[in-house]
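Notes follow once the structure below has been shown.
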Amino acid sequence: MTIETKNFTASELLCVMSARALEDGQVVFAGVGIPLLAATLAQRLHAPGVTILFEGGTIGPHVVPGQLPPTTNEQRCTRKANMLVSITEVLLLLQRGYVDVGFMGGAQIDQYGNLNSSFIGSADDPSVRLPGTGGGNDISSLTRMIVAMPQEKRRFVESVDFITSPGYIRGGTSRRDSGLIAGGMYRVVTDLAILGFDDDTGRMRVEALHPGVTPEQAQENTGFELIIDSSVGTTEPPTEEELAALRHLDPDKVYTA
Amino acid sequence: MTIETKNFTASELLCVMSARALEDGQVVFAGVGIPLLAATLAQRLHAPGVTILFEGGTIGPHVVPGQLPPTTNEQRCTRKANMLVSITEVLLLLQRGYVDVGFMGGAQIDQYGNLNSSFIGSADDPSVRLPGTGGGNDISSLTRMIVAMPQEKRRFVESVDFITSPGYIRGGTSRRDSGLIAGGMYRVVTDLAILGFDDDTGRMRVEALHPGVTPEQAQENTGFELIIDSSVGTTEPPTEEELAALRHLDPDKVYTA
Amino acid sequence: MTQDYLSLREQTQSRDRSLRDKVMTLEEACDFVADGEHVSLGGSTASRTPFAMIWALIRARKKNLFFSRSIVSTEGDLIFASGVGNHILTSWFSQGIVWGVSRVMRHFTENRLARFEEWSHMSIGLRYRAGAMGVPFMPMRSMMGSDVAGQLDNLKEMTCPFTGEKILLVPALNPDVALIHVQRCDPYGNAQLDGLTFMDIDMAMAANRVIITTERIISNDQIRRRPDQTRIPFFTVDAVVEAPYGCAPHECFGVYEPLFSHMDYYAELTRKEPMEGVKTYLDEYFYAPKNWTEYLELIGLEKLLDAARRGRSIYDD
Amino acid sequence: MTQDYLSLREQTQSRDRSLRDKVMTLEEACDFVADGEHVSLGGSTASRTPFAMIWALIRARKKNLFFSRSIVSTEGDLIFASGVGNHILTSWFSQGIVWGVSRVMRHFTENRLARFEEWSHMSIGLRYRAGAMGVPFMPMRSMMGSDVAGQLDNLKEMTCPFTGEKILLVPALNPDVALIHVQRCDPYGNAQLDGLTFMDIDMAMAANRVIITTERIISNDQIRRRPDQTRIPFFTVDAVVEAPYGCAPHECFGVYEPLFSHMDYYAELTRKEPMEGVKTYLDEYFYAPKNWTEYLELIGLEKLLDAARRGRSIYDD
């Protein structure tokens, strides 16, 4: 990290950059952790009209600062919500097309935006059994995705051990051919860059670098070849206002340690 | 009608005899009119533990005497109910198998217990367009049926003009072969007799005659050959208690004129 | 008839689904319905019928609409007779069992002037549900073997790949517009329903547009106090219209029962000369009044108060 | 695994579905669960977990149960470690994101001592829903193309006969027994739920038996006053057990939030020596106390009161 006045943590940078990726008026299906926090941050800043959905069955809540829920299934998620529905119903909103953006964290991602949160090593004899998909598989199968995660070589791998949540699968038309005819990976927000995907090949591409990050640094922290345009732009650093709002929401650094 | 002291109408006889066909503890899906009234009557008499379902979405109501609902979709149907659900949900209870008996009226029935409430004459050029199936098709497709209707030659026909609500279709295994592997016609209660169906052929059979009704009378009022055993028994006439309870429920004779 | 998935999604994605004020008049809400479209009606028989909105569409001289509803009562007569619609998909169509078979329905269907397309009650519910879920069909176990199914050309039978059983598939129904009347709704379209919900929730989720009429508009703060009481989410809704007694002469659960004497009057009017009767009724109650309040005045305050007294009595026990 | 329709119906028809008193103790309710059966758990993660009933089944030394739940938290560790169950079907299994990956889950799955069968979240909901509806499958559009689907052998892809689209069919799930904790229930099993309902309603309708634990038992008269608030009908329910704080250390919406410090304690206990830690926990909190009240006393009144204060605060605004 080389941003000059590094008066924030990597998690805080992730949160702020992710929040910026949301537009006002969108319906956003947010996972627990950074996504929940970033979507709430967006609501307090440039996108007050963002409607948040949580997989526990919450539609349009206002999360209370300092009372971040440990999962998206507790009553803290429902504070001042517009509506509560069953888990199945809230996921069906994705399938029916009411959602603009799915917003998740990730443990491991590959060049086609496939996410793994199930197994490190082979599924038959894993070195680590991870907690699994949760809503991730459904969200990434059914809507346009934004993923927030730290950019590290061990997390950005050529090919994930296990496709828990599908991106562009094996690239090209393979996602569509599998039966997933809508949605797909849109952005991966990391502590180094904003990443997107090539329309034809489905391979990961740098959309913008964070201030002070070089193309080489982005590549070094990635386990496969990134598409980087020589004219790639730079993001604006987190503002004092953004950081203050974020710290007001998560004073105990539950998600931004 | 030759019952000696004929101190009741044909509709009242139908109601009392239908009510008797229900057993305590049963879950009964009741249509509007005589079924609704008879199921409520059964609750007040021998079967207080009958649970009534109405197709509007009502589970376990107590209909208020003198306030009979005009259809099974009004709030009068929901009085002191245990639960209200959507139309789709209440019909799915039939499909899931939670219901013991479907209980309906009928306009036209045939030897295999098929009901027609859609067309008199051909469906393409009917002489009368009737109101249609309502819940009838689903109820008779998915559970054991009791039908209450007056026994007249024009209503009891060899083959209905249109199978709105399936009985045994063309008899034998044809119902099962069509995909309707559960349920089926159980009893037809008329002002003359209690009718059942032959296990093998699915044809209509006299189970018991009402007091004073002869086998010949039952046959004369039927447009096809009834199976009548020479030793067929006789029902008990409506008691004063039954008639009093019935008249208390329907003092304005909305359904028992 | 079954909308393909990508076009359904595209239509949904292009809707403004943000939290915004959608309060307007009955007349303004008519702009959300175009001639020839598929309009689904909430409620069932004489309960929570979106009468005010149907009344407005007839007055706006909309044409050739295709209607769907679980069970159709008097509004079906008025739809056919006014020309606002010429095709109704439902499971049952008449005024109500106590008034006998509708002569108006008979006139239009027996003379092939309009179409009454009959489906089983549950199949209609499952078609809305498939539409609500974003899948192209629902599996079910009734209707097979009957002539109801025999009359329909968009059903498919299949053998279940898990159990080998015969299963019927019914296609999704995604109405262009759903008209739904509720007891309470906020300005954004978050709607609360009391009592029987019929097929309204699935219908709202399935439709490409939703017009809510409501007995009263409440604040969004009220909604957020008990979000588990919201039954229709704001982002499915395009218009919110306050229409007191908006189901009259039908019922709104817990607010008023049906106006039985008015329904008797209509039945009497259409018994002998159905077409003359219904035209007289349309002239008198639909075209003559200047606005919804005048329509209610024509029905009569005494009848409204009586219906309201009976309606509220559900909460007396 | 998919129960055929006639056997499902036969099982349902043979249940006593009459309106009758079903109130009993936790210990008595254990008789409704036999070794090796499929037990589904209501709630999700740390919300409305039927902890009291799981606690009772572990104490009753039930064995080899197969569990299903939308998302599994600490109860999954305790199920595997106690031996009450050796197979869990869920979409996510760990204590909760803030506590890291469960070492107990890892121990059992990585050493193949027990099975964690992973399905997509929605597919589990739709499998219960198919079970609730009495159909053998539900169609859906996610999971295709992923390795989650690749690991499962009871999925079927089909081409939609209406649209030609590729559709995934997931088989119905009809648990032998569902354990569901609610805020209020009458003695017959009519249950009211506040807040998030998770997959509980479909699960109750799908199951062949249902055990309800409830914060308090209310009268049937209360139920009949607002029947539109009933979420689970009595005839699906076999046992009703009053268990105050029946989800502790998890949450019951509007009554108490999770007992976070107790959950921290459990996480700490199992961090370094997961198997020793969980065994110590089981001994201390599951096997040692004489009854549910003693279990709550061990957790501590102060923690309960704090959780209750936070729980009720949802209604403060």
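Letters are used for the chains, namely A, B, C and D, taken in the order the chains are written, and counting of residues starts over at 1 for each.
Rule of thumb we're sticking to: contacts are C-beta pairs under 8 Å (C-beta built on N, C-alpha and C of every residue); 3 or more make two chains touch, one makes a residue touch a chain.
Bear in mind that the values here come from a model prediction, so they are computed numbers and not experimental data.
Q: On the document's contact criterion, could you list the chains that touch subunit A and likewise touch subunit C?
A: D
Q: Based on mean C-alpha positions, I'd like to know which chain lies farthest from subunit D.
A: Checked the centroid distances; the maximum from subunit D is B.
Q: Which chain pair shares more contacting C-beta pairs: B-D, or B-C?
A: Per the contact counts, B-C leads.
Q: Taking each chain's centre as the mean of its CA atoms, how far is subunit A from subunit B in angstrom?
A: 59
Q: Return the distance between the CA-based centres of subunit B and subunit D, expressed in whole Å.
A: Using C-alpha averages as centres, the distance is 41 Å.
Q: With chain centres taken as the means of their Cα atoms, state the distance from subunit A to subunit D in Å.
A: The computed centroid separation for subunit A versus subunit D comes out at 29 Å.
Q: Which residues belonging to subunit B are in contact with no fewer than two other chains?
A: Only 58, 78, 80, 84-85, 92, 95, 181-182 qualify.
Q: Indicate the residues of subunit C shared as contacts by at least two other chains.
A: In subunit C, the residues touching two or more other chains are 5, 134-135, 140-141, 165, 167, 195-197, 224, 228, 317.
Q: Please list, in label order, each pair of chains that touches.
A: Listed in label order, the chain pairs in contact are A-C, A-D, B-C, B-D, C-D.
Q: Please output the residues of subunit D touching subunit C within their complex, sorted ascending.
A: 2, 4-5, 134-141, 154, 156, 158, 160-163, 165, 167, 169, 171-172, 194-197, 224-225, 228, 315, 317
Q: Could you pull out which subunit D residues touch subunit B in their complex?
A: Within the complex, subunit D contacts subunit B at residues 5-6, 8-9, 12-13, 16-20, 132-135, 188, 190, 205, 220, 223-224, 227-228, 230, 233-236.
Q: Provide the residue numbers of subunit B that touch subunit D in the complex, in ascending order.
A: The contact residues of subunit B facing subunit D are 24-25, 27, 49, 51, 58-62, 78, 80-85, 92, 95-98, 100, 181-182.
Q: Can you check the complex and tell me which residues of subunit C touch subunit B?
A: The contact residues of subunit C facing subunit B are 43-47, 70-71, 73, 90-94, 96-98, 101-102, 105-106, 109-110, 116, 118, 120-123, 125-126, 128-129, 140-148, 150-151, 157, 165-168, 195-202, 251, 253-254, 257-258, 260, 311, 314, 317.
Q: Please output the residues of subunit B touching subunit C within their complex, sorted ascending.
A: 32-33, 55-58, 70-71, 73-76, 78-80, 84-88, 91-92, 94-95, 118, 123, 126-135, 137-138, 141-142, 162-166, 169, 174-175, 178-182, 254
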